[in-house]
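A short worksheet on the structure shown next.
Order of writing sets the labels: A, B and C. Residues in every chain begin at 1.
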Amino acid sequence: MKNPMPAKSFSLMCRPPPGQTLQRYFARPALALVACATAGCSPVNLGFLAPGGVIAAAQRELFLWVVGLALVVVLPVIVLTPWLLWRYRYGQQHAPYRPRWDFSLPLEILTWGVPVAVVAVLAVLTWQRSQQLDPYRPLPGPAATLEIQVIALDWNWLFIYPQQGVASLNELVIAQGTPVHLSLTSATVMQALLIPRLAGQIYAMAGMRTQQYLQADAAGHFSGRNTQFNGNGFQTQVFTALAMTPQGFDDWLNEVRRSPKRLDCRPLSQGGVQPNVQHYGWVERGLFEQVMQSFSQPGHRGCHAFSQERAHE
Amino acid sequence: MSSAAMADRETQTRLFGFWIFLMSDALIFALLFAIYATMLHATDGGPAGKDLFDIKSTLLQTAVLLLSSFTFAMVSLNLEYRPQRLRYLVAWLAASLALGLAFIALELNDFHTLMAQGATAQRSGFLSAFYALVSTHGLHVAAGCAWLVLLLIQVKVFGLGPVVKRRLQCLALFWHFLDVIWVAIYAVVYLQGLSG
Amino acid sequence: MNDSATVWLSWLGRLDYTALPLYSGVAAAAAALVLLVALSVVVLISVKGWWGYLWREWLTSLDHKRIGIMYVVLALIMLMRGVIEAVMMRAQQAVAINSPGYLPPEHFSQMFSTHGTIMIFFMAMPFLTGLINFVVPLQIGARDVRFPLLNAITLWLTVAGAMLVMASLMLGRFSTGGWSGYPPFTEVDYQPGVGPDYWIWALTLSSIASTLTGLNFAVTIYKDRCPGMILMRMPLFSWTALCTSILMIFAMPPLTVATLLLALDRYLDFHFFTAGHGGNVMNFVNLFWLFGHPEVYILILPAFGVFSEVFATFSGKRLYGYKSLVWASVAITGLSFTVWLHHFFTMGQSAGVNAAFGIATMLIGIPTGVKIYDWMLTLYRGRVRFSVPMLYAAMFLMLFVIGGLTGITLSAPPVDYQVHNTVYLVAHFHNMLIPGTLFGLLAGYTYWFPKAFGFRLNERWGRFAALCFGVGFLLAFMPLYVLGVSGMARRTQAIVNPEFAPLLWVAGAGAALLSLGLTCLYAQLYVSIRQRRRTAVPLGDPWDGRTLEWSTPAPPPPYNFAVLPPIHDRDPCTWLKEHQRISPTDFAAIQLPNNSAMPIILGAAAFVCAFGLVWHIGWAAAGGMLAAWVAVIARSFVRDTHHVISAEALRQAHARHLQQAQQTVAVSRDQEHSPLNHGLAQVQP
């Protein structure tokens, strides 16, 4: 059985020599914690509650609205229950005891009516926002949409820029303020692309094309990952999304174009995990469609190489 | 409560329970129909329904199965009104068995023809769905036939007591249920496939 | 064919020494431990000579009370493995922060798969089935369930499924596709080994058993209620049992179809869900969640039923809003079939479809909210006693609604796009399952234990366990909500973001506390058995119960009721106590089913068949299947299936019971936990 060995700065698969076990298990995380505490990092800054784009910002707003509305029904329960338990506890003499009381019409109207009202408001909100935040819905705005095709691999993310004819592995670079249109497919099993600070996730499935529009408001870097379990390398299938200024984006494109690597219908490598970022200066036309067709077309014309990437268990 | 009344109540409740079982079975078939419907065009470039289905054979299978429902209805009538004339009951049961087995033989022959043409379940999603749906029904009919043989033996060994009678009534429900499912298969799979 | 005929025809199929769990020290140790414990139990029983007793009184019994207890025993055993796996996964995530941790990925991924599979199919389902089995016939005035033989069959099929999952610990590996087993990851191309096959056949056994269980309970409740027990006088626990049964009948078939179609793909090269050749993974997802969503209502409705009983009994009050509670349960049951798509909002459906299912999901929040408030109104103007079941119920009220809130957030598709498949989702469903399902089942266990065994459980250990579970749950899962909105995915064997560390350590501490709670639960049982003479409640009503089951002695006689009592009210036992029940004189002979070895033989045959299918051992698969059907057919030729309890025997048993009652002092609720409580309650004026 192949054991994927990432070449990232930390080695996830090596078993440390006995003397270093303590250090590896406790010292590193402890150091990280200290660094974290002094630097003031909170995990919440990594997700959509600290949005970096319009979609994530809208999702955050909806989340807060839904929480607020649901609290109308939930908060009284949490507040009143301890009070009820205390006031009507066995042995106390002050509060009335009505063992046969089991119905009150006003209370019935309240207990049914309030949740119905809350859900009615939520329903309208949900309907509207679901339409607005449909991942397949193009983003409004004057800037031209950047088309990117995403192929989910085991255990990497391949980003093809069909208009520019280049591709990048495990690095998604976009220009700030520019709407981006992702088309996704998988060369292997079902996966899901999530860049929480920019937008929600969408599944990538073999033989099918799903879509996600997103946009970064300002320059920055955002972590992205696969969230649909797909095997032994799943936890390492992370990447960085970089939003650059338009100039910075052009510079990056030029740098990628200069890369000697060519991307066509051949396997990316022997092993499963490609932790490094790779740039491809030339991409075969229609590669994305070919990968899809290798599953969806009869006779299996198309590009199969990527689906052979998988290290069998 | 008298023992006759208790036996009757027991029978009614058992039939009620068997209806509920049939409803869950119907759900399984409904899901197989739904899967089939979504995979109607998943032929992977291979043969579709209209390339494969034989109207004559399937019409014959339908006739055989419908006839077997008639013979089983005769079984039920004899059971209810002439339980003392065991010979007629056994004869109608045997006729139903023969027709059920004939249905299975015709279906297996059909499958053999299809597979000889290369239309195996392994060929495409559409064919997988087709074989799964039709074979599930066929396996149910086979189980019904085996159950029929068992009950013929029990009629011989135990006579027509309340327990055996109850079992025959359940089998009758099962038999007619499978007939209804077949009519749906004939319409949805074969007629639709051949016309599409 | 993925395996040649020669493999199937060989003696061991694809089983060989590489099946031993030597790929991981942890796995090897766990397998050895399980084997050791199993052998010790067998040796203990043999040395003590208990096999005869066990066979006669338990393993071949068709008595719903015995079967119910055996279901709960299975659940409590599998709970141990489920909790241990949970603690191990929490520990791994707490230490594997930019470090490998101690569980390699191929083991971690099996663990989250077995954890979910065991907890749902072999812990929660057997537990609730056991409680319903024991209690419902007593509550509705029936002598047994309608189909006792079928009842035993479903028990042993479930045991067979559980044993299959235990076998995967010792031979081969389990699936790594999670409890939901999505293809194409679980297809032969990606997992050619035995893992997904173990998963498929364990679930098939469990789903068939549950379908038949639902059928049994539904017919019992529809047809076998005693005279006067109209549906609108049935206790809420029986109502929720009815709703659960309907869900079982209609929700398990989609799972059976999904797993069998996946089996066809894996064994016979069909193309239902393969990537290519016309396969469509979305069909599996739809089928699975058509089952999966009603399944979670199967898990929660019995707990709701338990809480209805507990709130009323331990407030000394009638249950508030009976009609609303009934209609809310029915509404939940119906609506639960309309929301399954919310489990895969992110699969690319149109906004309208997603929104429709999201709104349908929110609708279920309405009857659930009504129930919560009705329970609070039961506390209102009551006299609340903080016995262990009420502790669980109180914690449930406050903690479950948090899960309800996060459930509403998840039902808004744009929010779900962010937190689906993150630990926020994990926190949400554990928030429903632990304060909801687990607390309900443990409350029911504590509440009805005295009825089943004739003595109460130790109160102090019970309170401590409950506290550990409550605080442990908060520590283990509240951090996961925060981590989920921070983008931490579920099922990750290692963590790359050190910012996640502090919260993961809190969660680890919570897991440790939960396992402490479980240990206390077992300790409680041990201590209670040792103290059983002090806490004996033979008269059968330790809690001043309101529903019919409390009017029988503890443990109840095999026939439950010598004479079926008249029902005039929703709380029949309270009515009987207030109206000074008259002793019955019209005893009539009762027919009870004989024991039968067929169910346990069927279960064993099913296990052999499933094991053979997993390892491609032809003779085991065919032989097991054949043996199972031979057992069924052989049994159908048995004529002597019942025995009769004479009227005279009933009269004498009842006279003894009356004599015991006359010699016992009735206690008020002040002495509920004292040794003076022999199960006879003082009637409140």
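Quick note on the criterion: a contact is a pair of C-beta atoms (placed from the backbone, for glycine too) under 8 Å apart; a residue touches a chain by one contact, two chains touch by 3 or more.
These figures come from a predicted structure and were not determined experimentally.
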Looking at Cα centroids only, farthest away from chain A lies chain B
By number of C-beta contact pairs, the top two chains | A-C
So how far apart, in whole Å, are chain A and chain B when each is placed at the average of its C-alpha atoms?
-> 49
Compute the distance, rounded to whole Å, between the mean C-alpha positions of chain A and chain C.
-> 33
Chain-centre distance (mean CA atoms) for chain B and chain C, in whole Å, is 35
Hunt down the residues of chain C that sit against at least two other chains at once, touch-wise.
-> 276
In chain B, which residues are in touch with two or more of the other chains?
-> 43-44
Per-residue multi-chain contacts in chain A, two or more chains | none
State the interface residues of chain C toward chain A in the complex, per the touch definition above.
-> 95, 97-102, 104-106, 109, 176-178, 182-185, 189-193, 275-276, 281-282, 315-324, 344, 346-348, 350-352, 354-355, 358-359, 362-363, 365-366, 369-370, 372-374, 376-377, 379-386, 394, 397-398, 401-402, 404-405, 408-409, 411-418, 420-422, 482-503, 669, 684
In their complex, what parts of chain A are in touch with chain B?
-> 297-299
The chain C residues in contact with chain B across the complex are 146-147, 211, 215-216, 218-219, 222-224, 249-250, 252-254, 256-257, 261, 264-265, 268-272, 274, 276-280, 283, 287, 290, 633, 636-637, 639
Chain B residues within the chain C interface of the complex | 13, 16-17, 20-21, 23-25, 27-28, 31-32, 35, 38-39, 42-44, 121-129, 131-132, 150, 154, 157-158, 163, 167
Would you mind writing out the residues of chain A in touch with chain C in their complex?
-> 1, 10-16, 24-26, 28-29, 32-33, 35-36, 41-49, 56, 58-59, 62-63, 66-67, 69-71, 73-74, 77-78, 80-82, 84-85, 88-91, 95-104, 107-108, 111-112, 114-116, 119, 122-123, 125-127, 129-137, 186, 188-190, 192, 194, 196-197, 199-203, 205-208, 210-211, 223, 225-236, 238, 294-296, 300, 307, 310, 312-313
